[in-house]
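Below is one structure, written out as structure tokens; the observations come after it.
Chain lettering (A, B, C and D) follows the sequence in which the chains are written, and residue indices restart at 1 in each chain.
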Amino acid sequence: MAAKKVGILGATGTVGQRFILLLSEHPIFTIHALGASSRSAGKEYKDAVRWKQSKPIPDNVKKMIVKPCEAELFADCDVVFSGLDADVAGDIEMAMLKKDIAVFSNAKNYRRDPIVPLIVPTVNPDHFDLIPHQRSVHNLKKGFLITNANCSTTGLVVPLKALQDAFGPLSHVIVNTQQAISGAGYPGVPSLDILDNIVPHIGGEEEKMEWEVGKILGGVSENKNGFSLLENTIVSATCTRVPVLDGHFETVSVKFANGCPSVEDVCKALENYSSDAEKLQCHSAPAQPIVVTYDADRPQPRLDRENLKGQTVTVGRVRKCPVLDIKFVLLVHNTLLGAAGSSVLNAEIAVAKGLI
Amino acid sequence: MAAKKVGILGATGTVGQRFILLLSEHPIFTIHALGASSRSAGKEYKDAVRWKQSKPIPDNVKKMIVKPCEAELFADCDVVFSGLDADVAGDIEMAMLKKDIAVFSNAKNYRRDPIVPLIVPTVNPDHFDLIPHQRSVHNLKKGFLITNANCSTTGLVVPLKALQDAFGPLSHVIVNTQQAISGAGYPGVPSLDILDNIVPHIGGEEEKMEWEVGKILGGVSENKNGFSLLENTIVSATCTRVPVLDGHFETVSVKFANGCPSVEDVCKALENYSSDAEKLQCHSAPAQPIVVTYDADRPQPRLDRENLKGQTVTVGRVRKCPVLDIKFVLLVHNTLLGAAGSSVLNAEIAVAKGLI
Amino acid sequence: MAAKKVGILGATGTVGQRFILLLSEHPIFTIHALGASSRSAGKEYKDAVRWKQSKPIPDNVKKMIVKPCEAELFADCDVVFSGLDADVAGDIEMAMLKKDIAVFSNAKNYRRDPIVPLIVPTVNPDHFDLIPHQRSVHNLKKGFLITNANCSTTGLVVPLKALQDAFGPLSHVIVNTQQAISGAGYPGVPSLDILDNIVPHIGGEEEKMEWEVGKILGGVSENKNGFSLLENTIVSATCTRVPVLDGHFETVSVKFANGCPSVEDVCKALENYSSDAEKLQCHSAPAQPIVVTYDADRPQPRLDRENLKGQTVTVGRVRKCPVLDIKFVLLVHNTLLGAAGSSVLNAEIAVAKGLI
Amino acid sequence: MAAKKVGILGATGTVGQRFILLLSEHPIFTIHALGASSRSAGKEYKDAVRWKQSKPIPDNVKKMIVKPCEAELFADCDVVFSGLDADVAGDIEMAMLKKDIAVFSNAKNYRRDPIVPLIVPTVNPDHFDLIPHQRSVHNLKKGFLITNANCSTTGLVVPLKALQDAFGPLSHVIVNTQQAISGAGYPGVPSLDILDNIVPHIGGEEEKMEWEVGKILGGVSENKNGFSLLENTIVSATCTRVPVLDGHFETVSVKFANGCPSVEDVCKALENYSSDAEKLQCHSAPAQPIVVTYDADRPQPRLDRENLKGQTVTVGRVRKCPVLDIKFVLLVHNTLLGAAGSSVLNAEIAVAKGLI
């Protein structure tokens, strides 16, 4: 199979930089075009970017000329990954879609669109089933638009899905997040705000978490032309920013609609959970969507965020909750599985399903 | 009134250092004796301590000779404050009590003792009513033993008391803490564990929070010889350590037994809450036990921990909880109101009540 | 003496916030006017500022209306303190000066001006002697313009002056700085740049340090109409940014033109150094311009930056340098003595000298 | 060639953990034995260690039984790497040597021994020439003892060697270090000492740097039975600890005995420098011993410490020093090239030279 040509929108941002690291040596994708704002367009990538990754810029990307994010300039891409900010993502991604390009977006703009799948790759890849309908609506042959979830939502829904599969619906979820600064991009969080400090507010984040869970854990309608949102799982989120570089940490309490399973059964259900991403043998699929740790003081961001290349969710401290049923903590790498890593794995799934 | 002579046990530790700063210029207490381990005993304080406060050691304390923590050496103190570690606090504090000394302890050892009050000064100073009974059991004339609460419990119970007073009992509380490193003493948390990291476990902390609330918010029995623990308020706690120097931050969701009040009424109840500590005009009482902030991104540890000299609890982001009734976040200075500040205010209350 | 009315330019910035804290309860100055950019002008101060200090906004300032930085609006001020950014400070400060206002600037714009004194208050208050000449050039009656030094320069020149006074000229100085993030203002340093990191470059800082020392340690010309720059003291600076909130730390090696004194004599000279600021009994003058610490691991930013209200320089680890003569480390609070604190003390000196 | 069996002493410490990561998949070494204190001996490695690396414990090591560090238990090892603390390293390493084992030590104990080479692999692998003499003194057939340098010394001597090779001897070096916390091991630096702080003292570090340079940059005596220490290069060091996880940052000024080369020539000399480690095609040799960066704000610890797998020294900001001749900044990964990485590369060189 010839390598698929990919374009990266928002290539100079922090999510864009992760895309470049993930895709520069990818077995089925090859970086073909880089898009960024007009300020960067026309420059060599190395001159346009403020590179903030601990690995250097891949050599094959350094001298690529950055383009403006105009659809015609990406028309020869098989796939376009978007790490664009929400204020510009809406128009650009729609223009790309109209050019019949397969678009994988990290932006929030189309997550609530009734015909755009919101896919966490190890949770609901079956939502790709809606693509034929989306294509017919937009009159497309090969293009489509997929979004992945908010980074904190992503970490949460993987274990929720495992629990829902094993024990039936969850009625209530209370989640508290302690989120890494890389989630805010660059320059992002000023150091004066976060050194020796916590910021107890991230604009729109709680609303996203409380809403997105319902679409992701819900199903595709019978005739594959819409989504049935989960209405009986109520989520309450509080989101905070902490002085951690990478890795969103969350504490979670859940209540089951059909009665509380044992801690042992919960651990087993989490450990045994598997997804189509592995079954389809996708390159970026983690060996396990969930790693359960039994050490009392784990997971920790610095020690566990790179687990299974940052594509798994690490769950620990599973125990009874005196108020709801079960509580646990989790860690997700916010720019890998929580952002660029989800998009890339979603695209691999799409290839495996023959959609690209 | 002649100044009361005070002794400080564990004077070289981080809580002991806070006691020294609080008491070195106190209107009714004067530092009379310093106690520490045998390793420190016999040395001048400045040579025995590894001082870690941003204010220098008070001049009147620098050259005081540290004593071993033997009761006879503190017999001429009117009050003894204990910042001892739990592994030695039990025996030493009991020996002090038996010498008829008034002891204010920060250790956990006697918090569950059925005749020892567990007092947060702006919450339950009425628990001093049990002192006559305690004295009669131990056959004492002027001595007694009071403990203050765990630092995270302290931050939590102040708003819970305000809500309980205003709206009747709470049925359920879910709390998540993000605790400062100073809470672990010195050397305490290794920097390799906490820089760019979160540690999702603090030994025994969750159990303390879940239990202590019931004693503090419960009442004194009718004949003043015991405590009636609150049994119908169920607390679920998850405690984590974060890279913050001072100030424990908590996110809280509560459910009321008698129906959910409005957010406005909750804010009013928190703002209007007052305690005997202010009414008795105690020196260290905050102007308000609770400061409510309406800024979306407050309280923050670095900016708010010194509010009202660290003796108040700052509450913010009061809003509806989709799962329980109301959620909010709070900040408490863990070594001021959360430790030494509570002890000192408790002692001031005891003086005002004529117990010392 | 009636309180002097002061205006603060750049009142919403980090230096401006320090000015407000220093001046809101000052014995001889009273805050009369606040100036900021047109974006802030017209708003109440509390709504215009993003307050980042650990102490709250003083009540008497909260509701003051912020003005645009136009000279006529500050004409009734006895003194104007400027915390303006360099890109706007030049024109605004000159306009104020032309309005016959006494201006104390933190900006770099006029530091090299041949008739503008560059004054570190505990080092060279004799440079005020040039004011009559400056007034005659600009045809002023009561106005004048003074700048204070770069924050890192300030920390360095205080001990250099003490050494120069005691042992004659220094021939060579090598200095390395580790500077706090507050020096960059707000939003300033992005957290992604400084958490778990060092940034080995601060634009223009090394040049400032290498040049400013020569003007500050030099003298006023005999007829008081210019400065004789020190030409035989060569300074080499390397400046870095580190993850510290407040307090610039510097390591220094010096060579004396007239031979190397003993370590003991150096310590004595530093400890015994005094300046006119104390002799004039200025309110903000530190008891000692230099505090010498003999602890092997001090000064440390977190523990020593507040020494003597942040108006002293703390020097430690004085010892022989195998390459030059003597080496030591120092700490200066970068927004107190290193910025707003210098300006305020300079103004107090000017009042004491009858210039205001 | 059959894989060489290696033992790791101090296997549970932070340097030991790095040895395990470096050696668990090494082409010519295979981990055969793990040694640690009696407290750990007898346990499976995973139970004995407090693992603090971001990569997990290699599977082939998890269940190895840790041994006490007794020489007979390591007698079947071809090589022993020691990450022991100085207080026990002296006796244990000597006992291993007497058992005719090839020992590569990170401890300071034998660095000044007149017949023990102190080798930085990309600087002075020719010091292996002394091994025959060392063997004859100790009456050994295959064993020998090599130490590597202090982590900060290591970062410094690589560029010094390049400069010395290109421009002749250096007469003076002034170096200031900003060292990462991982250099102090675990638990190491308490977080209360380093969050929002700098500690301006690391016991013995400055003395090590000032002395070790002379042995490393000096030569082996003509008859290969001793070292000629460099006496005319005088080094002055100031060492500080900063809140960085990994990567020692240093600022350096140097003076050349034979006159100052141009900045361009210095950059060229640094970039073109090569060592026998690469020429011998050792597995862990970096492609370049020195990477020169021309970005004004680089190297930075978080972004550059992993350059060339942490085995290179990154040099930046090369420019004229107004006091000495040339100044620059550098970064070295303190537990890779600065510790375990040097030992492993030294051992690879020894194999390539036929000494093992």
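One rule holds for everything that comes next: a contact is a pair of C-beta atoms (placed from the backbone, for glycine too) under 8 Å apart; a residue touches a chain by one contact, two chains touch by 3 or more.
On a predicted model such as this, the values are computed, not experimentally measured, just so you know.
Colleague: Could you tell me which chains make contact with chain C and chain D both?
Modeller: Of all the chains present, those in contact with both chain C and chain D are A, B.
Colleague: Which chain maximises the distance between its CA centroid and that of chain A?
Modeller: That would be chain C.
Colleague: Measuring centre to centre with CA averages, how many angstrom lie between chain A and chain D?
Modeller: Spacing between the chain centres: roughly 41 Å.
Colleague: With chain centres taken as the means of their Cα atoms, state the distance from chain A to chain C in Å.
Modeller: The mean C-alpha positions of chain A and chain C differ by 48 Å.
Colleague: Just give me the whole-number Å value for how far the CA centre of chain A lies from that of chain B.
Modeller: Their C-alpha centroids are separated by 42 Å.
Colleague: Going through chain D residue by residue, note those that touch at least 2 other chains and give them in order.
Modeller: Each of 52, 193, 195-196, 243, 245, 302-303 in chain D touches at least two other chains.
Colleague: Considering only the defined contacts, which chain D positions touch chain C in the complex?
Modeller: Residues in contact with chain C: 172-174, 176, 178, 193, 195-201, 210, 234-236, 238, 240, 242-245, 249, 251, 253, 296-303, 316-317, 321-324, 327, 329.
Colleague: Name, in rising order, each residue of chain D that touches chain A in their complex.
Modeller: 51-56, 195-196, 245, 302-303, 305-307
Colleague: List the residues on chain C that touch chain A in their complex, please.
Modeller: 14, 52, 181-182, 186-196, 243, 245
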